[in-house]
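In the two assemblies presented below, subunit A is common to both, partnered first by subunit B and then by subunit C.
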Partner chain A sequence: MSAVTELPPTMPATPGGRPATAPNKARFSAVWLWSTPPVLLLAAAFLYPLYLVVKQAVEGSPPDPSNPFKVTTSFSDTLKDPGTRTVVKNTIEMAVYSTAGCLVMGFLLALIIAFVPFPGARAVSRFVDVFLSFPSFLITVSIMFLYGRVGMVNHIVSSLTGGAHDTPVNFIEYSPWGIWLAELIYFTPFVMRPLLTAFSQLDSGQLEVAASLGARPGRVVRQVILPEALPALFAGGSLVLMLTMNEYGIVSFTGAKYQTLPVLIENFAKQQTNYAGACALAVINIVLSLALFGGYRVLLARMSGGRRAAVHA
Partner chain B sequence: MTEAEAGRPDRRPASPRGGGIRFEDVTVAYNGTVVLDSFALEVAPGEVVALLGPSGSGKTTALRAVAGFVRPASGRVFVGGQDVTDLPPYKRGLGMVVQQYALFPHMRVEQNVAFGLKAQKVAKAEVPGRIAEALRMTGMSQYAKRYPRELSGGQQQRVAIARALAIQPSVLLLDEPLSALDAQLRSGMLAELARLHRELPDVSILYVTHDQIEALTLADRIAVMNEARLVEVGTARELYKRPGTEFAAGFVGNSNLLPVTVEGCEAHADGSFRATVRIAEGADPVVASCAEPAEAGAGRTLCLRPHLLDLAAADHHDNSFTGKVTEVQWRGSAHRVFADVHGHEVRLDTTELRNPPAIGDEVWLHFSAEDAVLIPARGGAVGGADGGVGGAVGGATGGVGDVGGAGGDVTGGSVTDTATDTVGGAR
Partner chain C sequence: MLLYTRRAQRIAWAVFAFFFGLLFVLPFGVLVLAAFTRQWNGAFPSSYTFSNVTAAFHKDPLDGLETSLITALLSSLIALAVGTWAALALDAMRHRAGKTLIQTVFMLPIAVPSVVVGLALLVAFSQGPVLLNGTNTIVVMAHSILVTAYAFQQLSAAITRLDPAYEQAAASLGARPYYTLLRVKLPLLLPALTGSLALCFALSMGELGATAMVYSANWTTVPLRIYALDDRGHQFVAAAVTAVMMTITLAVLLVISRIRTRANYR
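Moving on to the complex of A and B:
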């Protein structure tokens, strides 16, 4: 005996397969109504200026008879300039080294705050949040107060040695080390914040079971905590990479001997009135940021394999 | 066993095979609050001991003290005869299974099981065999390549057990391992755990639970805990049939705890005593059993299991209380009758009655002397020990899990969980 099932009459379908109904049309109109204004705003405030920057970078500035000092460098001229290449290299190096340092330092500090019981751990964790609101140049200034040529450390050492050593500590100003140190201090909390959140959500039972199975603390960190913290580490690392790539305040305050793209862009635009060159550098900066970010994501996705999916499941 | 006896360390010889756990007056305190107070207990090699008690009774703290996650303020913990009090957890070599499985989500099942083996630096050639064996024992061989997220709760718990067993521990610590499972899975896993223990007879198991069904099913002995102290320890049958404290009587199974006054006491042929007690002036005397002689005039608590009470006929009511029915509940296959007995509420569970009494009827609640257990009244424990615990004397108490009630039915010590609310299994 066979069962016969009578299907209900179907609605007339659109070519796309969905039935064309009045409510759907209304929903469609509402979607357009809500999405058009923000898209227009985005285009006016961001996309069109970006287009102008790219256009000027590619075409260069036309000569201005009223301003004989105006530089009309083209995009290709800027690219060919060895100075530009050095600055691009500096920018990438500083971003990568700072990010690496922040990842290591941030992971260790977050680990200590989250898992090593000490009085004031919660206060320190909260201070990390406050630290995120500080301006970057403030860190540079404070480092200069401490380690600058006329900073406290040099003053103390000079006093102790009777002036035998004038500036024994001299690596902050006009030095990539100073920039790196400042970026390390300033951006490490950006790695710590997502890590601390991730650690707070980690099942403490896993750590205890791991220990009961014979795993020493190092193995627990390596094989249990780190894999589960990878998504947070990725997030923090991505953010720091972007921020350090485009950092202006720290580099500018530390000194002009070591230049990165944002500083050079400001230099071209304001001091050399080379707007075409500034635009060209800006385009390079954008391409670099996106390329490094994309590469970072691909690299870490390969490194982590299916871990993130597993952790997020 | 009384609280006083429970408080003394067990003096059984240590195992030649190196298993077993011994707590020697272990006290644990957090910020001045004592969460485990002078805890003394020995788990023999191959023995399963359940720590049973309500939340906050200190049972998990005791387990964590063995695992090394809490440091006793005083006392010592021994595993296999070795003092491990000062050893870090990773040097104790214990298997541990926790309530929420705590599987490593980024590792496949086989990697989870291998974790302990690698941590203990087991020879590489030996690892695959040990993984396979642990997975076989837990019935998880076909899931070796899966991630924990791809498994059900019961399967995850099996993996957690396999992971703990893979390191071949002499001691297995189970911290409420089934409480995250639904009732059906829990029942299946109980049977699995019992089977596993038969396969691994040398492994000592410390099983923390607040569910008396799990404790009664699995444990060779049960240590009842309350308010950070060990209240009573004994076999499941001892605790159920002959509770030594009001708390144990109320927590392990249901019971009516009634204050009585002893009128006389004499030795019985089985080595125990038979005491004649009276629940109130003018009430008929009844006979109850007790482990120790009771002086005339002394106050005691009479423990009566609801399913061991009978509604007696009017012309046959020796050893019974007379009471007035206050409530009758029909529960399908059973009836639950509440009666007021000289101002105390007494509960009776019986199979379905053809003609149940009506509210206000006078009934006789009969029981045999062997089923009526006389225990020290709260605050007046024989031997002076009192854990500061006790059920509500003068009323019916129901333990967690409700043996003979909602959770299952104890019949001569064996437990089934088929009945929704079965009574009188042993009648």
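Moving on to the complex of A and C:
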């Protein structure tokens, strides 16, 4: 799932022009009272269940005398398991490679839409907006038709080579590159959206001044556009990093030869009914993605305040 | 403007057309093609049919569509109510720790993988006083939790962009806070409200991870049915059901965006 079109607003430091409310005791408690219900609701529906996941992960599952076939697991068992390590490595690797691809592709496409405008550029950027609300697994389904073992590309290639190989293209089934391609397709718009916003706020006079002073396009991109786009690029990139780490649909639709944490969690819980193991993996997954998210917030806060506006606008 | 010569512009457009076509247009085209395919043994389908699309309206996929629509509608309305409330509370809150608390709690469902959201509900509601495992409530609950975070995020961004002058003017004319909220703030927020309703609806329609954990046989959403069809080798019917689902989602989004345009005239 997932489509974030806007990044979380960083703490608004009392927006300008607001009346500084007098520290009135009655009003103060009214605000707290007014804030409690939604927080309590989410706490009961989500935070408490999340706490139970952590609890079960730490406690593990005790041996059950009535059911000798029950899988007993402790947190350290799951951590030590070489299988878990491979999956954690897969998850991080896939997220990093996909994010890198999305950043390059998103920057290139947004750059052309914004600065080499063509008729229909607006329609394309509308398409990007709509694309954000498509389900992710759809991409895997369609690239199977294209690049799968019995897909379109295989038929074309083998008819060109006269059928020398049965299936010349089989990266979808036998390598992680199919997942990478699907994630590249699905998450690139998440990088493009904040970039397009940032580019639209860039004063195009700057580009013309740079060009009239003799800067070549490559230099204009490097020295004028890139510094302005950096916060947006960074924000989009860290969001995509988190979303790719948590992605389930794309990975599970390819047939799960290459497993990531979310897929393994589902497998443990639904196929093997090993809840303790699933909870342990869930804790690992949450810690990884919260670490990324926290790191992103800290880094974002360190960047110059003026530029941040461009990301959230 | 970045490129000034005609030739350089043409090259840039060609690069754009190549990648955009390869990454976005081609996958969609193929999906639509597959929805109308009877047999596909060569580079292109050898015969076409409408039966996949009609199969998408038979009992099983149709049930899924109904389930998905009800789930998406309920959860996006719940998310909108809770998310807006929390965003307004965040705005009213002057206490720093309180603000951080609300932000953290409502951002968490985005940072946590959707599969884990499902797992947490499964662990919590398969035992103890509240048993929800296998009911449709748990599916709606999972969707609501996931999309509430997005509603909250969109609404709080919109509220910080709101001009405080309107609110102050209303207050200076003697309007009580709840009157200001109902008559000034919410109408001003209407475009953001419909916008996030649309986003929540679309996200819920396509949700797979959390639903895979908590669904039951009598409450199976469309994405899971597409997964099952694909798994059993009915790829073309799966493509047709996907196309029908996307058409319906887009139609609902279109209806919601019409509300938005009318709201903008106020």
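What we mean here is this: the second predicted complex is superposed on the first by the 258 of 313 C-alpha atoms of A that agree within 3 Å, B and C clash if a C-alpha of one lies under 4 Å from a C-alpha of the other, contacts with A are read in each partner's own complex, and residues count from 1 in each chain.
Here is the rule we go by: a contact is a pair of C-beta atoms (placed from the backbone, for glycine too) under 8 Å apart; a residue touches a chain by one contact, two chains touch by 3 or more.
As the structure is a prediction and not an experimental result, all values here were calculated from the model.
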Under the stated touch criterion, which partner chain does A:184 make contact with: subunit B (first), subunit C (second), both, or neither? second
First (subunit B), second (subunit C), both or neither touched by A:208: both
Check whether A:216 is in contact with subunit B, with subunit C, with both or with neither, and answer first, second, both or neither. first
Considering only the touch criterion stated at the top, classify A:228 as touching first (subunit B), second (subunit C), both, or neither. first
Subunit A residues touched by each partner, larger count belonging to subunit B or subunit C: C
Touch test for A:46: subunit B only (first), subunit C only (second), both, or neither? second
Going by the contact rule set out at the top, does A:277 touch subunit B (first), subunit C (second), both, or neither? neither
Let me check the overlay on chain A: which residues of subunit A are in contact with subunit B and also with subunit C? 208, 211
Hey, which residues of subunit C end up touching subunit A in the complex? 1-4, 8-9, 12-13, 15-16, 19-20, 23-24, 26-28, 30-31, 33-34, 40-44, 82-83, 85-86, 88-90, 92-96, 98-103, 105-117, 119-125, 141, 144-146, 148, 150, 153-154, 156-157, 160, 164-165, 168, 198-199, 202-203, 205-210, 212-213, 223, 226-227, 230, 235, 238-239, 242, 246, 249-250, 253
Residue positions on subunit A within touch of subunit B in the complex are 203, 205-206, 208-216, 219, 223-224, 227-228, 306-307, 310-311, 313
Which residues of subunit B touch subunit A in their complex? 67-69, 88-106, 115-116, 119-120, 147-149, 160, 163-164, 167, 173
For subunit A, which residues count as touching subunit C in their complex? 1-6, 8-9, 11-12, 15, 17-19, 21, 28, 31-32, 34-35, 37-39, 41-43, 45-50, 52-53, 56, 105, 108-109, 111-113, 115-118, 124, 127, 130-131, 133-139, 141-146, 150, 152, 155-156, 159, 184-185, 188, 204, 207-208, 211, 217, 220-221, 225, 242, 245-246, 248-249, 252-253, 261-263, 265-266, 269-270, 275, 278-279, 282, 285-286, 289-290, 293, 312
